[in-house]
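Chain lettering (A, B, C, D and E) follows the sequence in which the chains are written, and residue indices restart at 1 in each chain.
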Amino acid sequence: MALVFVFLYAPIFILIIFSFNAGNSSAVWKGFSLHWYAELFQNRLIMQSVYTTLLVSVLSTLIATVAGTFAAIGLASMRRRWRTPLMTVNNIPVMNAEIVTGVSMCLLFVAFFGLWKAFAVWFNQAQDTFWMEENIYLGFGTLLLAHVTFNIPHVILTVMPKLCQMDKNLVDAAQDLGCTWMQAFWKVIIPEIKPGIISGALIAFTMSIDDFIISYFTAGSGVSTLAMTIYSMTKKRVSPEINAISTLLFGAVLLLLIIINVRESRQERLRERARA
Amino acid sequence: KDTSDSENSGSSNGSGSGDRVVNVCSWGEYIDESLIDQFEEETGIKVNYQTAESNEVLYSQLSMGGVDYDVIVPSDYMISQLIEEDMLAELNYDNIPNFEKIDDRFKNLSYDPENKYTVPYTWGTLGIISNTAKVQEPITSWSAMFDPQYAGNVLLINNSRDALGIALLYLGYSVNTTDEAEIQEAYQLIADAVKNGVYQGKVMDEVFQKMEGGNAAIATYYAGDYLSMLENNEDLAYVVPEEGSNWFVDAMCVLKTSQHKEEAEAWINFMASTEANLRNMDYIWYASPNAEALETYPAYYEETYGEPLDPALYEIMAPSQEVLDRCEAYLVLPAETRTLYNDLWTQLGI
Amino acid sequence: MSKELIRLRNIRMAFDDEVVLNDLNLYINDKEFLTLLGPSGCGKTTTLRIIGGFTTPVSGDVLFDGVRINDVPPYRRQINTVFQKYALFPHMNVFENVAFGLRMQKRPDPKDPSGKRRVKIPETEIRQRVLEMLEVVSLKGFENRKPDALSGGQQQRVAIARALVNRPKVLLLDEPLGALDLKLRKDMQLELKKIQQQVGITFIYVTHDQEEALTMSDTIVVMDKGCIQQIGTPEDIYNEPKNAFVADFIGESNIIDGVMVRDKLVKMYGREFPCLDGGFAENEPVDVVIRPEDIDIVPMEQGQLVGTVTSVTFKGMQYDIIVDFRGFKWLIQTTDHSPVGARIGIKIDPDGIHIMKKSPYSGMFGDYSSFSEEYEEMSDANWEADEEESEDEK
Amino acid sequence: MSKELIRLRNIRMAFDDEVVLNDLNLYINDKEFLTLLGPSGCGKTTTLRIIGGFTTPVSGDVLFDGVRINDVPPYRRQINTVFQKYALFPHMNVFENVAFGLRMQKRPDPKDPSGKRRVKIPETEIRQRVLEMLEVVSLKGFENRKPDALSGGQQQRVAIARALVNRPKVLLLDEPLGALDLKLRKDMQLELKKIQQQVGITFIYVTHDQEEALTMSDTIVVMDKGCIQQIGTPEDIYNEPKNAFVADFIGESNIIDGVMVRDKLVKMYGREFPCLDGGFAENEPVDVVIRPEDIDIVPMEQGQLVGTVTSVTFKGMQYDIIVDFRGFKWLIQTTDHSPVGARIGIKIDPDGIHIMKKSPYSGMFGDYSSFSEEYEEMSDANWEADEEESEDEK
Amino acid sequence: MKNKLSLFAVPYVGWMSIFVVAPIIIMVVYAFSTAAGDFTLENFARMGTYTAVFTRSFKLAIIATLIALLIGYPVSYMLSKEGPQVQRIAMVLIMLPMWMNFLLRTYSWMSILENNGLLNQLFQQIGLIDLYNQIAMHFASDPAAYVPIDHFQMIGTQGAVVLGMVYNYLPFMILPIYSVLVKLDHSLIEAARDLGASSVQVFRKVILPLSLPGVLSGITMVFVPSVSTFAISRLLGGGTQMMLGDLIEQQFLGGAYNPQLGAAIALVMMAIVVVCMLVMNRFGDGEEQAVML
């Protein structure tokens, strides 16, 4: 088991170590330096793609969490006859190979652009007062749409079980106590499935951050997520700036996890003490 | 109408609203990036600089649609193809006064006989790069690229035209042949080498890391990039093989769909200037088509580094006519030959 | 306890064409403790949900104080519910759970003379009423606990407090004690009854436990298959069951085929027994119910019937004795021990014999030949195989 | 039923220094139906697991047929277990579940004269034994069902068949009926007892339901806090409880402080009552147990004691009447109704009075002053507040 | 009220039809048409040429899946027996690498496996390569002609690609198996022991079959991305180990533009996934397992 962890972490440690390399090789150690960290913040491409990545992840997580939660509630209260086929469709992006999702969405966008252009050309010819953009491209918008699309199913899949576990009578009880059902929705259903929503959001965020393949096919040339930048960099000289940025991100996640875990175990201890 | 177009565009591609923008797609490791900053400073036009791995990848992106490049820098044969497919816009050379400075050798070439679409960016040769620490005997022939002796140490170039091209050269055929049998023979040559495990990988710019780091012994790549590698690994050698090779011109053109034609021409003009060419040459080691720049480069080098430029290097960068005579430029191939190239190339992955 | 509060008139309910309630008629008096009793799936919860307003009947009227309330939503009815599994809000502590209903309420602003402005109940009043109510259910000091951290009985009481704090006219309780263990259940039964008497409101209570129903109710409504089988006081129902279903469902019963010779005389096993019931046709076939505790064991020669003891079980308070009378097995509960195999006589007082009209349920209950028969009904297949099995046992 | 099969000698068990079993001594006879009875957490499961070999005691010996088996792993003991929640293998059908144990077995090859070669049980024999066993538990025809597709009672019987098919000498059952509903539970009790008699092996049964224990057992072991409180037949335990804990745990009891005047005469409420017990010191303070059903209600003037009826509950078979005798409330179970508020006399036959030595449990049980007291024990905090509450009620 | 709530799903149903269903339909259309837009089956017919890619993809993905299973199962099993504290930390440690972009981690493997990479440097240092040369020379038919190696060839081999897959997707094998094993009712194991099963038998007859749903979901979750990867094969296989993913990518954004053929291959790949899904649904409900992601 220890070997498995060595296996999992060896490349990461090497990556981290070479982020401090004075030389620009990731195989030959030339001494310690923070050079690449300084360089990193100068690198427009990397900084821009970090920004794009965070933005698309945050936005798609927000949208997918809200949309997915509502969808899950809707699906959960549907009759089985309807729910089963819908859930199957819902599972497609989860189960499908990412490349298939990416390629098919790419085709969708391109087909839409084609239609749009035909329409816009016609429109512009037909009248003269308002000029409509004829060419639209893959870009941040399509990237976001793609991310939202593959994130929603994950949110639904995490929220659904919570909804199913929820005592069916809770909404009745709230109404019984004087809530209209809108109030019941906000005061009871949402707090009740909150853990599911949160972990759904977390999963969505992780998926977004980690995604490469779908972004690759839907972001076009104008924007680039960190993963895409890394990929295109691996096709050239890879600069250790990339090691530096990943070290920073990894450190941030590690810190976050440690904080969460420490807090959780402290709370647990408190709870135990309260029980004793 | 043109002006109003370019003004209200921009917004669609996430590059800031109302700003003047130009979207450039070039090759990787193919510019001194400080030139971009300088251009932006001078003109206030924002440059979105992207790269494509090869002519063929660029073509895929353009055909697939959805990309919003203005300026692209394809090679000769690909330019012909794009013109053929009516994807390029005619340039307004009034906006590109620096075109004057381009050496006549690089004007009106076969890919753009009337020179309506292009401004050359660089030129050079294709050759074999080898690591003298790993390969003792001198390499002079393309045979090294197919020799099982070097199994696992050879890097095949990762685009169909160059890869099949060197095989055709080795077999003594023209790189522009349309004879299916000859092409099949060339394919077979590579396929056998693949089967024999000759190739460690197929690379484009990955070649830098591989060759500089001593991870492979032999590769086919471009002269300019070889010179860049040499800076990081002195053991590397370059040769234009005895069977001859390809000499190429990469030129800047503007896409028909471009919404920023003016900015595009501004960029092209800027990149065609002598100063930009000198700096770029110094950075990427590719020969410039700007006559003045090419001529004065050795002096520029000496001035900058305080030592003379090794004439051998200059010769590799801007080979003499004698070498060029051994080389052949790629011409656009007829559609069915291109399909054959594509199919064979895909099959080669097998 | 005499004023009528709720009336269900010709209520019909069906889910997907499956009739669940069939022409139900029922009135409920103010301050009454009324229990809906019946086996699983008989429609108790559905009836309750109709009263609470969570379900709308297919046809029929629900009247409250004489007003039709079919279309009044639950939150506007002066009725509160204690749900089957409590349905406490897990994310709120006890105080917040109980306060929930009060926080939802708005009432005319006392400071607004027009009486049109409606305001929330002030926090101090909420606090006071919640604490008061927690005291009623003996849960003072538990305000800050989350429901998870409460035992079943405590959760139960929070649910009651949460409902009662709104001062409803009617409290609906759906098997509130189902999840509790025996001992606690018994205690809570008494507790609930006490609370009902203390607050003086109508309780409509659902259970499938006959002992529970007997212990707590003023009125019991016995239901089966969506129909009311009998309505009455616990004593009525126990002592004068209307049919074999009720007789069997309420307590143990021996149910024997008989023929009414004439008023106050019934014939079973070819022998005549005096009884107290009348009003049947002459020679009308009837079901005769004899409660196990109404049978006295006497020396053989004194017995009205003579049988053989086939099984004896010590139950603490009494022995359960199975006696075979010509192949029909009776259950007798007595404090005297008789050994297995003994031939004994039995005597039944006339007031221990209850006569019922024949009903569709006749012949389905009341034979103790094979104790396994009852659970055999639960197995959903292989009826034949099981039948054979029980044949063998005899 | 006389041969001793299992003996636990000075068994001590602790988890994390928390003593769970304290010097337990117990022997179990062959073919006996022995029940471990006690409240939750008293150590019943632990005792069973020690016998089954799933837990090793801290000290003490487990003897099987006179041989110490402390270190014999579970699968080598001739003991099988029916687990609290059945633990049926969900991926196997009924047949495979029951056959599991047989498929695991190897026995000397009958064809090998040296007797060293061990072979599996042939499929035909497995088939036959499994089907036989399924017949015993009335589950023929269910062979191909998965456990999910069975009702609770059926799962229960599969679990029993699975254990019994291995022909163990002892079957351990840990609250096997806990998950079933009341009616089914009662049926299964009788069924289990029948199976035990049929297969003729020792059953060690764990429950916290006293009625269940009384119904099924040959011997009951009453446990509390890791100690055995009493061992005896159901009648012994019910009629002659050793202390207040046992008296209260087994059925309802009124437990009154008394003083032994002399043999066969006890003084309560300042009055002397004749009884049947003796062997106490003169004037020794004792606990007097009077079962609610042993008390007769008589006209005031004939009563040994006179009290006031404070509550009457109809229970079908009888009325539960709470009677106040000078502030101490008794539960009386009788078939005669007395109205609340009535002054009544009571009479207790000498054989209805059971005398127990004082024990640490004295004073803790047997008062019906407040029915709420019992569940108050379950609430883990605010004892004081609750106490106040019940004070008020009196 | 119930029905009112189900209206919440309507927007999502719309969204799904546009962004999930429509793309697939378009893909199908592409797969069955020529560049000019006419109906054709040729794209599928041409796939015969790529049998070798299919074979290689399946071979490598199956090997990777098996290795992941062989490593992942024992790890999950051991983990599920640890204390809750250890389990939690171990789970975090297993998930943590997933927060670092997989391309980076794979790239890091490149620098380890290169001919002149860290591992070969290490082998050089500890004399492993010399040792190998001596031994090989000894056994060579003509020791004089033996050319000593200066590195072990790792990068650009199928082994490297498999390693990359195992490395990247191992957590996807561990997580579902682990979560099934943790939920396993311990009394089932006791029951099996009670009925005479040895520990091996307990494992074979009870634990293994009961963890099958987790195993299946793990297998799918490793197999599907493995068989369709293009980045891993590109980085570690040096482009010589073309997989289905590379093949598709090449038709769209790579050096051999032919989206119709690419769509056809993608369609075939989807069919594979559907088969996997069906198999999984047969053994347990897929909804639940996907959650564990």
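Throughout what follows, contacts are C-beta pairs under 8 Å (C-beta built on N, C-alpha and C of every residue); 3 or more make two chains touch, one makes a residue touch a chain.
Remember, it's a predicted structure, so these values are computed and weren't measured experimentally.
> Between subunit A and subunit B, how many steps is the shortest route if every step has to go to a touching chain?
1
> Touching subunit A and subunit E alike: which chains?
Output, common partners of subunit A and subunit E: B.
> By count of C-beta pairs in contact, what is the leading chain pair?
Looking across every pairing, the one with the most contacts is A-E.
> Please report how many Å separate the Cα centroid of subunit A from that of subunit D, as a whole number.
Each chain's C-alpha centroid was found; their separation is 57 Å.
> Using CA atom averages as chain centres, what separation in Å is found between subunit B and subunit D?
90
> When the C-alpha atoms of subunit C and subunit E are each averaged to a single point, how far apart are the two points in Å?
Here subunit C and subunit E have centroids separated by 59 Å.
> Roughly how many whole angstrom separate the Cα centroids of subunit C and subunit D?
Computed value for the inter-centroid distance: 28 Å.
> When you check subunit D against every other chain, which residues touch at least two of them?
none
> Enumerate the residues of subunit E that touch no fewer than two other chains.
In subunit E, the residues touching two or more other chains are 114, 116-117, 252-253, 259.
> Check each residue of subunit B and list the ones that touch at least two other chains.
53, 61, 64, 213
> All pairs of touching chains, please: list them by chain label.
A-B, A-C, A-E, B-E, C-D, D-E
> Over in the complex, which subunit D residues touch subunit E? Could you list them?
For subunit D paired with subunit E, touching residues are 52, 54, 73-75, 79-81, 83-85, 87-91, 100-101, 104-105, 162-163, 166.
> Provide the residue numbers of subunit E that touch subunit D in the complex, in ascending order.
Touch residues, subunit E against subunit D: 185, 187-188, 190-198, 201, 205-206, 209-210, 212.
> Under the definition above, what is the set of subunit B residues touching subunit E in their complex?
Against subunit E, subunit B makes touches at 53-54, 56-57, 59-61, 63-64, 134, 152-153, 158-160, 194, 199-203, 210, 213-216, 342-343, 345-347, 349-350.
> Contact residues on subunit D for subunit C in the complex?
That would be residues 135, 138, 140-142, 151, 153-154, 182-184, 186-188, 190-191, 209-211, 214-215, 234-235, 238, 250-251, 291, 293, 313-318, 320, 333, 335, 371-372, 374-376, 378-379, 381-382, 385-386, 389 of subunit D.
> Which residues of subunit A touch subunit B in the complex?
The contact residues of subunit A facing subunit B are 25, 27-28, 106, 109-110, 113-114, 131, 133, 135-142, 220-223, 232, 234-238.
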